[in-house]
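Same chain, two partners: chain A is paired with chain B first, then with chain C.
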Partner chain A sequence: MNAEQAASQPDAAEPNTAIDAQATEPDKPKRWVGNRLPRREDPRMLRGSGRFVDDIPDPHAYHLAFVRSPVASGRITEILTEDAISMPGVVAVLTSADLGHPSLTAVLEREEFVPTTMPLLAKDRVRYAGEPIVAVVAENRYLAEDAADNVWVEIEEMPPVLSLEDLGRSDLPVIHDEAPDGVLVDLQMFTDDLLDDVLGSAPLVLEEIFRSGRVTAAPMESRTCRADWRDRDEQLVLEVSTQVPHQVRSGIAQALGVPERKVRVIAPDVGGGFGLKCVVGREEVVAAAIAMRMRHAVRWSEDRQENLIASFHGREQEYRIRAGFDDEGRFVGLEADIRCNIGAYSVYPFSCAVEPLMAATELPGVYKVGRYAARARGFASNKPPTAPYRGVSRPQIVLVMERLMDKAARSLGLDRVEIRRRNTIQPDDFPYLGPNGITYEPGSYVEALELCAAEVGKAGWREQCERQDGLLRGIGIVNFSERTAYGTATMGMRKMQMTPGFEVSHVRMDASGDVVVTSGTCGHGQGHETTFAQIVADVLAISPDRIKLRQGDTDVTSFGWGTFASRSLVIGGGSAAVAARRLADQLREVAAEMLEAEPTDIELVDGHAQVRGAPDARLTIDEIAATVHFRSHTLVQREEQLLEARGSADPPGMFSNAAHAALVEVDPGTGDAQVVDYIVIEDCGVVVNPMIVDGQVRGGVAQGIGSALYEEMSYSPEGQPLTGTFMDYMVPTASEIPRVAVHHLETPCDQTETGAKGMGEGGTIGAPAAVLSALNDALRDYDADIDFVPVRPADLLAVLEGTSNSERRLETA
Partner chain B sequence: MKPASFEYHRAYTPEEVVEVLTELGEDAKILAGGQSLAPMMNFRLARPSALVDVNTVAGLDYIRREGDELCVGALTRHRTLEISIADDVRDGFGLLPRAARWIGHYPIRSRGTVGGSIAHSDPTAEWCLMARLYDAQVVVLGPDGRRAIPSEDWFTGFLTTASGPDEMVVETRFGRPRAHGALTEYARRRGDFAIAAAAVAFDVVDGRCHDVSIVLGGVANEPLRLPEAEAIVEGAAPEEDTWTAAARSAAAAIRPGSDLNGDDHYRRHLVDTLTRRAFAEALETGNSR
Partner chain C sequence: MKDQHLVSLTVNGREYELVVESRKTLADVLRSDLGLTGTHLGCEHGICGACTVLLDGEPVRSCLVFGVQADGRKVRTVESLSDGDELNDLQQAFSRHHALQCGFCTPGFLMLGEAYLSTDPEPDREEVREVVSANLCRCTGYQGIVDAVCEVAEMRRSKDREGTP
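So, the complex of A and B:
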């Protein structure tokens, strides 16, 4: 790369210049946090030397294929496996009965929650098309699929419960006997006796219905696992593409009735998860059960069709809203009745209450809504179960709040930014206690909104909207928060039987002065090997190159909860910072002894321990490490030898915030909508690595645009999935995603070890609302009032032709 | 998503292909670029008992002019036509390279073949639309030798053709070269199958349109020629009003049906737009002829 090319690629050039600039300042120690350090993971990923489950060679392993339900709902009357068993290369054909009817049950300790059992293989009922019924084990996947074709399953079909409209209908068969009305969770989270009065006398009351389509996370690597029993370790080893190794271990232990020690779960490189892999898959536990039973390795690689129609979905929700405003456009009250189509089963261990709980609790967002009441229900249906997909209900609640802002602004003749400004929690409101019982720590809610509006102005979008070239253009600006890094106390309020929150890290320095950090979090694309190293490097004053993160192995790390809910850098990285500080204390203590000084006078600077004020009296950290390991006889006897420390973190959960703006173009000739430019103002506290944060934001925005315009899992009236390939389930490609400009604000968080807040989901959360707002703006002259996603070309044409129904059809087919 | 078991044969001459096909019977399929067949086999929607790989057949990768006809060998990859700047192509068939750009993505264009696309006869396939637009002859080789089938007889329904099970497409002969041609498509994402497509070709003589063809894709089981709309443009001035009248006629002539991408009404609207845009683009981008 010549100098000119380098200059035109700021992202590539910046890291070195930033670090070099700091290195030339002798008085200022290097600080790695805040640097655009290139990702440690990238060279191996880009060169194809990453190690994903399917890269693990094992020519002797059996392959698993599943016979899946061809119908959405029915009763199994007969399963015939004889033909399949006799086929060449087939090792076993197993039903639920053959495995002893193992199952998983997710439990919330709440009266309003109905626990339901999810059998690993369907037992007597099938509850969605694609549900696994029979496991076929063969010498390879081809033969396994051949045999699966020859398993005969007789099903007495029943009419399915599919759409939001079907939910709770008494003329349709009950899905779970435990929940005759189909309601698996019914949460009346907040009530306010004065809300009716307030809404009754408000100058403006909006009664609206908002809907969002069922989507799926579609990670690049679908689910996959390899299970093997190892006699030497008396242990089942499951290598699995997961976000939550310890939770998979617990799921296997509970479903198969074995102690946790007898199960080791390893997540090697994982090609994305987005929540789809933060729950335990039935197929993975079946693979474990078969490996234990047969004492033989068995592997399963989900194909894309299975991934789309038979893994986990999310976001199929409806919000019935009453919102009251005063004459100035300020909220006086908000009432929400939220219904979530959670699919056929409650996923383990988070349960089906994740979406309803999040929706009811965090609907108000960055706005002061006055009086507030919310009811949120989760209904069972004959579609695949839902998992906590990136953002979990917040893409929907932000869409609801931002549409309410737009609608109120329009009704009252207010500017869309001004009405948001009036309703936003102000800087002097912090700490702000919301009507939802949450205390908001400081964020840059107003500043982000103002900066976003200013950037939109600078980008010349308004001038673009005036162009007369046959295209219709519109702008959406949205403002929102994203609660992240929920610790034990906050998660405990959900009343899950298994309550996540804390993390424990170990930091260990070896005799050469290199460091291994462990964490129970489990990065799967987020660059944790880089960012954790940056955090620890600053504490120990060594280069991040000398720090290696070990994660994703239940035998290597302490018990931990995994990577989800934007928790890992804050909680896992926080626990690593705590452990590193303890290790730094140990280094100072040994250095003090070797340099004949007080530990409090020792400072760690640039790979050395030195006496404060006498920098000539110093040792390299390598010398200290070698001495501790090999020459401890020269040191005083300590209670514990070696350089090892342990730390934990368990913060309460904190709000990142962001403002997004989208510019869209609509072609009236085709109904096509394109997002042509996009601006993000992001505040996630202290930014550990801006390049990684930018990547998270941009990827999230892409997923959000996907669910706004392109993606929806569609079903026929019989419950047959219609979107079983990437031809029909339209994940947007690079051609459909615009440039995304990212600007950072930094409101450091005093509740976390590093000042950082989580930020893994914000892009996904803001984009659907921004795009929908922009679409309605583009069609403002046609009285557009679209309150659903995804918005398809035909929907936009209906607005242009004046035949739109803002609440839309419910089912595509 | 693994195919059911099948026999694999490889052939080196067109005659050998026919011989093997005759021997294997109608459950055997020709494997050319494999861009449609392989996915269908992986989904087990197609379960041929045998594949005859023709990628090793020599002499079927060519583009040559014979008088007014542009003859394209069956094993010519999409990409070859896409990047062709030969005068033989530019003179009267300049639309073909531009049409190729609408085909899928780069890897698909590099691998897929013109003959394979014609044989598969997807109603949105660019070469099928071009075959109808330029009244192509599809040349097949069978046990009884070669025969040429006019494109209007070639397409016999959804993914079905006039070819026999023991015949192989060896050449497509595009005819009726014209100065103006355009293909417009609409899909949600770049590279997807078109929800609808419109192709037009015509000459302009003394300020009037002549020799007009209009073909639509994605609105019926096969590429659809529109004689009534063609008649509207024939002899009319090449201007917006003409295009509008033709587009309206095109939209009225079809019964496209509904699917996930939109209903009947939406597809008519698309066809109206695409037809107008195809004429406008064709007028602007005349060939060197």
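So, the complex of A and C:
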């Protein structure tokens, strides 16, 4: 069912009149979950009264600018700051030594992992162009940048390690002494003694190499922060654009050696993150250190060039695959050697192992691959560190699996949908235990594939591909899963020293009957203020506009892990549901005393507590709230005061799934490729707000199309970044992104409080594979066999001119 | 040493006299001198369009205009769109079509949309896609933005038709 067609569109001006389709039917309770409720966040954003970090007024704050390394690799021999410090408005010019050499270290408790230290400011080595070396503090940003230009840093340049081809070259300098071979993590995740035999005797064996380019999340708001020391609270307060306030607090506490109590981290409105803001930025900790030291407010606003060349990247990976198939096109075995170029440092706190671990563990996806073994390594290079960018290895592994399906289909003369059908985990296989040790709970893998193929048929794409108008057209259909909402049990298997997973929410009702919910998740565009209110409203039987979510403040919420890995609605929202149920119990107890009934006979309906079967005996929730607060002396049966509850959630992690289809057009004259239509079938269990789910899907697909066709961080052979502006790093515009039709399937999850599964990354995960499959299909008459992204016009022209093969394209530099 | 200028400009109907350093951008004047922080800075090199405002009715990147260049001119920012709590038709359409997620780029798209709509266009989806391509959004995939602008173009035209005797 298409939510677009099926759902009513509530009036934006009167959000509380939005009625679920079910609500108009008698005997069914009104439910807010499932409703296209307009977002609570929208009015302030539309008025320009959202409050992002840089919008917080503080005319007296100092501004921070960083002197960054102009070279990719080298040894710092001298830093001269005298000229800079004498410039107008300059307050201080600080080096690593001035700050006492603070650093951050991400630790994974595995023998195969080598911990490396990331200094907040480069100490004696620089490891990528753009690495911060000196912090300049001045009265405003203009003056700070002026002075930064006048700091002299002498660097003895060394040849850089840039690409996976450079790895193992003994003529290149070691990046971290702790890892002389450049390998920061080497995981042999699964082994199978019989795999070689199986592959040796398989009728079809594909040996392939797949590559994906280095990209960056590029949220529209770059990183930014404002740090201030408050004597009264004995606290450093850091307002920062982050997805993970508590992790930033821990990073500051650990790097600067202060107790966590003395650090308060606040994320106000955050202008997008996509994983780039789910790790701790060294510049943010430097700002905190300087504010503590100077006892003066300091702010830092990363400019776009810094954001592109010196924040965090993702995705630079290579997969060497051996895959065996039987005569029917069924997998018999899969072997993967995965290499990730993780950049110069292991990010805090997740470490550089996030991408290799994800890749090796979840490569099989929705397919039954037979025997399986995977090795995944993370290599250091003289490029910026990689962070868990939206999708985290899954855009690559889906691309690998889907290209294998296409290639096997072609070799065996099978239909591309049919070969997927034969390999997909079937409905009666659930719960399915994969060769990767993961148990898959039910999903609609086959149904999604079939529905996607049917929608492609209905949309007339095949007819379009037959058109003879000079353009080449192709279709890609892909099928995949997305593991979401990893709880501590699953995260614990990664063996991170700091293991995320749970969330704790609090629900508090005030004397007027309104409710404040707090959660350690930290929304930044996903509409949590709306969806959390929907969940709690159903439990308490009050309108969601009486429920306000407070998040992103370590002094307001309990310790929590933040928003990443498609976890927030499931874990944060789930913990809010648990807390709300406890608060509902309290309301029932008070109502029972006031109405002289048993709590078990009280039901909450439409803003009231009433006796079941005797609806005339009822109280408004407001009356109960006022009584508890102002006239508690009349309640003799209560042992606790007030209306407050906490709840926690820590699910094991569950799989959403989706099938994507892309229709592309290629101009054979120019090599220009355009995605002209796109279909998504997605299943994230119970949908809390279809409008928001569709928005996450569409935005994700746009980012996936970006990495498939347009975006790549490029470097010169010397390691100089060549994509430091939005002229060079091409984030797609409205002209490059087609309409995306979204269709929902719903397999409720019995492991979560709301039946929902996470879904924040699926769009980005499926799109590169769908687009690449479609491009190869469009150029099928030219024997296209393109196994990398991004695919640029020159790559397509090379295929069209017959000068290409899948191996040709080595990485930049 | 600083090159300071006295400028007078009208922002959202209100007149201001300010002393502005020559190199200070209009965006920084609006944000830091006038406290109008709805105008956001996404790239500071004229590509993303988050800082789009109307200068004498025309859309400009306020990161590429110096404050002194606004001397004697009229500026409109996102703060001018709603009437108190009442959102205007384009703002309401953005919400209805889920044309914003994080909301950071939204003020720029609204001002771009207002400039386009002020030309009284025939609603044409492909034309709107091209207009909207002036700005970048990383969250939405643009569909809601295009839908919202198309819908308001249609609504304003039918309103005009009704209003014409």
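Basically, the second predicted complex is superposed on the first by the 782 of 813 C-alpha atoms of A that agree within 3 Å, B and C clash if a C-alpha of one lies under 4 Å from a C-alpha of the other, contacts with A are read in each partner's own complex, and residues count from 1 in each chain.
Heads up, the rule we're going with is that contacts are C-beta pairs under 8 Å (C-beta built on N, C-alpha and C of every residue); 3 or more make two chains touch, one makes a residue touch a chain.
As the structure is a prediction and not an experimental result, all values here were calculated from the model.
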{"item": "Room on chain A for both chain B and chain C (clash or fit)", "value": "fit"}
{"item": "Contacts of A:S714 with chain B and chain C, given as first, second, both or neither", "value": "first"}
{"item": "Contacts of A:R792 with chain B and chain C, given as first, second, both or neither", "value": "first"}
{"item": "Of chain B and chain C, the chain that contacts the larger number of chain A residues", "value": "C"}
{"item": "Partner chain in contact with A:T733 - chain B first, chain C second, else both or neither", "value": "both"}
{"item": "First, second, both or neither for A:G671, with chain B first and chain C second", "value": "first"}
{"item": "Which of chain B and chain C A:L722 touches, first, second, both or neither", "value": "first"}
{"item": "First, second, both or neither for A:G492, with chain B first and chain C second", "value": "neither"}
{"item": "Touched partner set for A:G525, first chain B, second chain C, both or neither", "value": "second"}
{"item": "First (chain B), second (chain C), both or neither touched by A:Y142", "value": "both"}
{"item": "Inter-chain angle, chain B to chain C through the CA centre of chain A, in degrees rounded to a multiple of 10", "value": "40"}
{"item": "Contacts of A:E41 with chain B and chain C, given as first, second, both or neither", "value": "second"}
{"item": "After fitting on chain A: smallest Cα gap, chain B-chain C, Å", "value": "5"}
{"item": "Set intersection of chain A contacts, chain C complex versus chain B complex", "value": "142, 303-305, 725, 727, 733, 735"}
{"item": "Residue ranges of chain A in contact with chain B within the complex", "value": "141-142, 145-146, 149, 303-305, 669-672, 710, 714, 722-723, 725, 727-728, 730, 732-733, 735-736, 792-794, 797, 812-813"}
{"item": "Of all residues in chain C, those that touch chain A in their complex", "value": "1, 21, 23-24, 31-32, 35-45, 47-48, 50, 77-79, 81-82, 85-87, 91-96, 98, 100-107, 110, 129-130, 132-146"}
{"item": "Touching residues on chain A, where the partner in the complex is chain C", "value": "9, 12-13, 38-39, 41-50, 52, 54-55, 57, 59, 88, 142, 217-222, 269-272, 274, 301, 303-305, 524-527, 691-692, 694-695, 698-703, 725-727, 731, 733-735, 737, 739-740, 763"}
{"item": "List of chain B residues in touch with chain A within their complex", "value": "1-5, 43-44, 186, 188-193, 260-263, 265-266, 269-270, 273-274, 276-277"}
